[in-house]
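Each of the two complexes below includes chain A, the first together with chain B, the second together with chain C.
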Partner chain A sequence: MFKRIDIGRCRTLLAAAVVFSMVLGVTVSASATIQGITGTTFNLVARTGNISTSDGDSFLMWGYGLATAASMQYPGPTLILQQGQTITVTLRNELPAAAGNVSIVFPGQIVTASGGVQGLLTREAPPDLTTTVTYTFVASEPGTYLYHSGTRPDLQVEMGLVGAIIVRPSLGASYAYNHANTQFDREFLYLLTEMDPRIHRSVALGMYNQVDTSNYYATNWFINGRNFPDVMLDNNIPWLPNQPYNCQPRMHPGETVLVRLIGAGRDPHPMHLHGADFAAIAVDGRTLESAPGQGADLQWEANTIRVLPGQTVDVTWTWTGQGLGWDIYGHVAGDPLEPGEDPTDHAKPFPVIIPPRDVLTFGQFYSGSPFLGGAGELPSGHPGLNAFGGFFYMWHSHTEKELTSNDIWPGGLVSFMIVEPPGVPIP
Partner chain B sequence: MRLKARGKWICLVWIVPVLLLLLGAGTARAVLTQCPAGATWLTPGEPGAGDVVCMHITGGDGFTYMADGHEQYIFSFGRVAPGTPDAQVLTDYTLKATFPAPTIVMKEGQELYLTLTNVGMVMRPDLFDPHSVHWHGFKNAAPIFDGLPEPSPTPNMGASITYYYKPIHPGTYFYHCHVEAAEHMQMGMIGNVWVLPAQDDLPNLTNLNGFIHTTGNKYVYNDGDGSTLYDRSFAIQLTGFDSNFHDAHIAVQPLPFAAMKDTYPMINGRGYPATINPGSILNRDNFAAQPMNAVISANRGQKILLRVSNISTTDFFSITTTLGIPMKVVGTGAQLLRSPTGQDLTYDTYVLNTAGGEHYDVILDTASVPQGTYFLYTTNLRFLSNNQEERGGLMTEIVIN
Partner chain C sequence: MLKIKWVFAGLLTAALCVTMMGTSAAVVFNLRADITTVTMPGGTVVPMWGYALDSAPGAGDGTVTVPGPLLIVPPGDTTLTINLTNKLPRPTSLHIIGQVIANNAGPVWTDGLSDVVISSGFRPANNYTARVRSFAHETAPNGAQTYQWTNVRPGTFIYQSGTNPAMQVSMGLYGGMIAGSRYGKEVILFFSEIDPVINNAVVNGDYGPGRPVSSMLDYHAKYFLINGKAYPDLQPIAAGHANQNILLRFFNAGLETHIPTVLNTSHMSIVAEDGVRFTYPKKQVTVELLAGKTVEAVLRPSAQGQFALLDRRLNLTNAGLVSQGGGGMLTSLQVGAPVPLAPIYMLLD
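The block that comes next holds the complex of A and B.
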């Protein structure tokens, strides 16, 4: 017979877990925010580098890196801009000569390019280590955008020359756009890409004549340059030196998170958010509005959002746990309400018996308890990756084939939103 | 034929010891049906009476036939008859998976106790996979009943777990197993869940902002104005099988995830012309493994509700009809298409594109449609086939009487 977990006791456990995780630096402390660089001038260099995939493989990439850094990164630095500022981005090319010229295009921005040599879409930096191309634009409209190579993009974007741009509205950093109905408490980036490993193998071997982007076939999928489960690790972990960005959304019940989704590759991906419905508020940096100034008044709710190649979509998401018909905290009558708790379900008993542990398989993120903030006995060998008793929700591509990394399950386009109990610190 | 022979050989060698093993492990203890006293047992496809309803389904394996006659090994759910003693479930319900899984229909606010018993994959005794039920789109779900194997417990072979749902948001949903989802969903573990709105049960002649409700009216949502009224509803569950994946599975070969490519596109678990076969399709054991057809029929003037879902693990599908009238999309993701400020976001279209994980409520108003037989089919023309056989796949008939 299942026993209700005493929440008070769990608080002690929780405190112990915080200390434990601080000592070990384990993954539950993974930073839950969008990491990027701010300013008005960004000096980027295109370089080669290697990335690791969750199936244990590694691949040669071309990527944008900061001139002040030693390497490239995948994806390129996330540029976090302020609306109205004039932005200058410079680019040098340290790729091998055979890679040819490289450039940057900024869809959704009106760009002036100077320096370098004229290419098909924009001005380009030849692979001479020194020539600098300069792109300038005014970040006139808030929203989520991307940048990528405008030189042979079928090859160079696949090789990794892509990154995200966030333009913060003049209304303030806790708004996605200049309207109160786009306010959020936390924000997360989902820059989606895919990979055909054959292209990277050919480039790594210098066999450029073998590269064929016309029979492209993706077998590897990435969020912010990492596969599941690497997305859940912290930012800037030393063993993924060229993949600095994680994707680890976390929040408390009742908060509103903004999810910025970018289709940065060449295939569409239907992203399914477990746990609750999102509200789609903007596409390609423009709110879904009935008239100028209305904000996202035409927002619509659903659980699966398609992210098309080159498209950006902003959705807000909240989770309250209301209306389930049982008390998610396992309260008994007389217990105080948690912040935001649904009083109608307060102290309603857990409705079923959870069978004995020996007939069940416990997932790595199961706390041993059905309750938020709860804990229970875990079988020996269980990794115990849910120290706070959080509620984990898979946010993933519903083209389920993409939940793999080059034939290996699990991997690919998966991360987990963690709704942490009230009081758990979220960095 | 070689594959089939090999499958039987595996079966003969393994089925007896596996069953003995399962029985020896104390099945009566591990199989546990949970249904409160006084609850109503649901019949697939029909809403039950009362406030509390129950259903017992299995997770396991079985066989189906594709429309070209190719036999296909599947995983799916099957229905356990109400009243079956727990001790009988494993002996009576192995190899009884149906494709699609039993359709669950509920009324808004009802409580459902859904017991899932993992009866094991008899044809793959080398596997020890748990199963789960993920109610796709359930709002404010808690992980314990969300069916994600990572943050919840899942039943091992020979064991049960009971999920509890109290849906307060009507609409078209679906459910599937989320254990190793790319594999288990490709193998067929999918079914429908529909929640009927409370607006259906309003008192006769209730005035809904000028629209007069009469007893017997059916709506997709609590629209408050009768705009989602319909007469007859039909499932259009879009799926596909990659025959290489399924054939590799029964042959106990490595599974081709990276090469996964659906070759048998289907509606409600069948390719055309099996979609219009009114009866059940029997498998090698004369078991009705494919109980659901896809025929859409109505009297002229009726409003047809299509409950469309795409659960393909590989593809987007577009569908259209030869009716010559638009498809009115009134909902998506089990949400009425209406903005928070009350603006109407429904739209008319002649081609509905669906991505994996999307579900739509589509109304066809047949008032102007002459009597006759019409077609619903995919405009992704390569999916109009049953593998090598053309004039098949994702197509069915709409009969207007």
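The block that comes next holds the complex of A and C.
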């Protein structure tokens, strides 16, 4: 009924799956990296634009976009920096005059601002299309950070003026910080925001006096600017032009994954990672260390991490199938170990007799086989979203009402980590 | 160097003597719970209840403030006595979160159906509907009582009403208490909120079961305060000098979580919460300041300047008044130029 692992078959499936994904844009080949822009000088422009939510709605946003692009994006460009470099970010304001000035603050960085006009938190660009404000700082410490508007932030952050910053350590790009115990194989970004649609409606209608941010009540939640299931689509899909970033973690068994979580909105979110416990290694771009130079020696393990507004948390996560009590590949005694396989359960049989197909309900991420890399017959009409026989682990907010987009389920703060069989290419 | 060490030892001995002498001292405060009003940016006047520090019990010469006066228990002192005079229309009491009161004749129980007190101390036998109204013995309207703590532990704490605290604390009956050793430079950052609908209902007799505002379930904060004020009424706060360890003492007497954040300067080292010191400080930009909680953080600014301090939950509005451009929990720390190191620091090498 279902097959045990057949890595060769995976490769055959790969070609078909790539074609499939090109047609539908679904997850099977969605890029699993942190997309961003590198360099030392970034020219940003604040603009208006619309985003789409997974319940089929559309909202006016204000966002940072690259000066070389035609539009804003939500969130703003992820700035990937190198430790020690002097960074220059310029900002112009193409928002409507009624939106007022705009600016950027960089929590955790020591910034020199010039140009524009002095605002409450930093220097600001008036909405005149031309005035340029320049922010300069030295990316002195590695880690995960954020940037956002420092001008009436209760409104402008809500409207979408947020973005992520990653500072690569001098030790190398495969380390989160300058210590061996922060090494990772893959990294993923979870920039979390919320939305109170009423505010966006009022702004879209020019009714600024209707906006009372003390009545703030979020009903929409985003990871990297998209709701579930849009997070599982590829980066830069054409029908989400202002929401370029996906959130589609994928890995092979045994790899170490770094998850960079950012609370960019105004509510805390308890993010829950299925599959295994994570280790929290850093907060606000500083390792949890007992003394300088110790790396993340005070790291702690859990399955739910609270991400506070304005805060960044880095966690590492790995998965080998350890503790399941059965062999995830369906090995029999004498079979060799797969790469990254935990030997404890090697050749232990699957503990359940699979009932016949016609009495089962098939989730859309079920491959037709319980084994990693396996495949099986699927009922007609099944979307076949799991072409490689990967294991899908839901990573989501534990405030379960946040798993919706304006009261439509599923949506909001959900994505799935896909543990792919060894040999499946992960772009 | 040897001589300097001896001088240091002498200073240490002197300091110890002072500390030991301090143990026999006992600090006494005469607090008065009384009515007042606060004026929010935009001109809204909100009725409040607050505390005043009087020169003697019942003297009535202090000014009612929200938050109440900062109560400082000097290093070595372990006994704190508060003589409370109540000029409010309701009974009230005192409670310090994290300190054990020594002379508690409470809690005070009602029958659970009305406001009639049926017991002080233990729950009445076989009564399963009685409800606690006050954590400690009450001070009746126009009455006076003494509250005493004889085993004060050091740290940063909130004192507040122990009577119907959901309502009375929201009315403004809260203040800071600090005990133990002090930093050369400290900053008090007391967070709280106001829902004017609640406060007006309380003073107009519209609050309580069967009345227009039946309970605190309707609480919805509209004003967000640091040290009793909202921006733009908040002025920059003098916060020592660059390269100096500045202790930020955060308090939250509101009902919501706030996330104090300081921009454009060094990370804070969070060293204690609820008066309990951490083994390892946490280096963060953000402070999780839960309702009813205190946090101590050391800021060591690397340069002088004016550094914005705000609630990163973005409670930066005054009841939605857009015209003001900014409001709520927003202020700044004013840090002066570095001061040349005092010679005593040489002893630490």
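Convention: the second predicted complex is superposed on the first by the 399 of 427 C-alpha atoms of A that agree within 3 Å, B and C clash if a C-alpha of one lies under 4 Å from a C-alpha of the other, contacts with A are read in each partner's own complex, and residues count from 1 in each chain.
One rule holds in what follows: a residue touches a chain if its C-beta (ideal position, glycine included) is under 8 Å from a C-beta of that chain, and two chains touch if they have at least 3 such contacts.
Model, not experiment: these values are computed from the prediction.
Peer 1: Sharing chain A, do chain B and chain C clash or fit in the superposition?
Peer 2: On the superposed model, which is not a single observed complex, chain B and chain C fit side by side.
Peer 1: In the superposed arrangement, does A:Leu298 touch chain B (first), chain C (second), both or neither?
Peer 2: both
Peer 1: With the two complexes superposed on chain A, say which partner A:Phe392 touches: chain B (first), chain C (second), both, or neither.
Peer 2: After superposition on chain A, A:Phe392 lies in contact with chain B alone.
Peer 1: A:Asp335 in the overlay: touching chain B, chain C, both, or neither? Say first, second, both or neither.
Peer 2: After superposing on A, A:Asp335 lies clear of both chain B and chain C.
Peer 1: Return the chain, chain B or chain C, that is in touch with more residues of chain A.
Peer 2: B
Peer 1: Is A:Ser290 touching anything from chain B or chain C once the two structures are fitted on A? First, second, both or neither.
Peer 2: both
Peer 1: Tell me which partner A:Pro268 touches in the superposition: chain B (first), chain C (second), both or neither.
Peer 2: A:Pro268: touches chain B and chain C.
Peer 1: Rounded to the nearest Å, state the minimum C-alpha distance from chain B to chain C in the superposed three-chain model.
Peer 2: Superposition on chain A places chain B and chain C at a least C-alpha distance of 6 Å.
Peer 1: Could you tell me which stretches of chain A are touched by chain B in one complex and by chain C in the other?
Peer 2: After superposing on chain A, chain A residues 268, 290, 298 contact both chain B and chain C.
Peer 1: Quick check: in the complex, which residue numbers of chain B touch chain A?
Peer 2: Counting only chain B, the residues touching chain A are 29-30, 32, 34, 111, 113, 130, 134, 136-137, 139-144, 146, 148-156, 158-164, 166, 168, 178, 180-183, 185-186, 256-258, 260, 312-316, 332-335, 337, 339-341, 343, 345, 355-358.
Peer 1: Using the touch definition from the top, list the residues of chain A that touch chain C in their complex.
Peer 2: The touching residues are 100, 105-111, 120-122, 150, 152-154, 157-158, 208-209, 211-215, 266-268, 283-286, 288-290, 298, 308-311.
Peer 1: What residues of chain A sit close enough to touch chain B in their complex?
Peer 2: 181, 219, 268, 270, 272, 274-277, 279, 290, 297-304, 306, 319-326, 328, 351-355, 357, 359-366, 370, 372, 386, 391-394, 397-401, 403-404, 406-410, 416
Peer 1: Per the contact definition, I'd like the list of chain C residues that touch chain A in the complex.
Peer 2: By the definition above, chain C touches chain A via 220-222, 224, 231, 257, 259, 261, 263-267, 280, 282-286, 288, 302-303, 308, 310, 312-317, 319-320, 322, 325-326, 328, 330.
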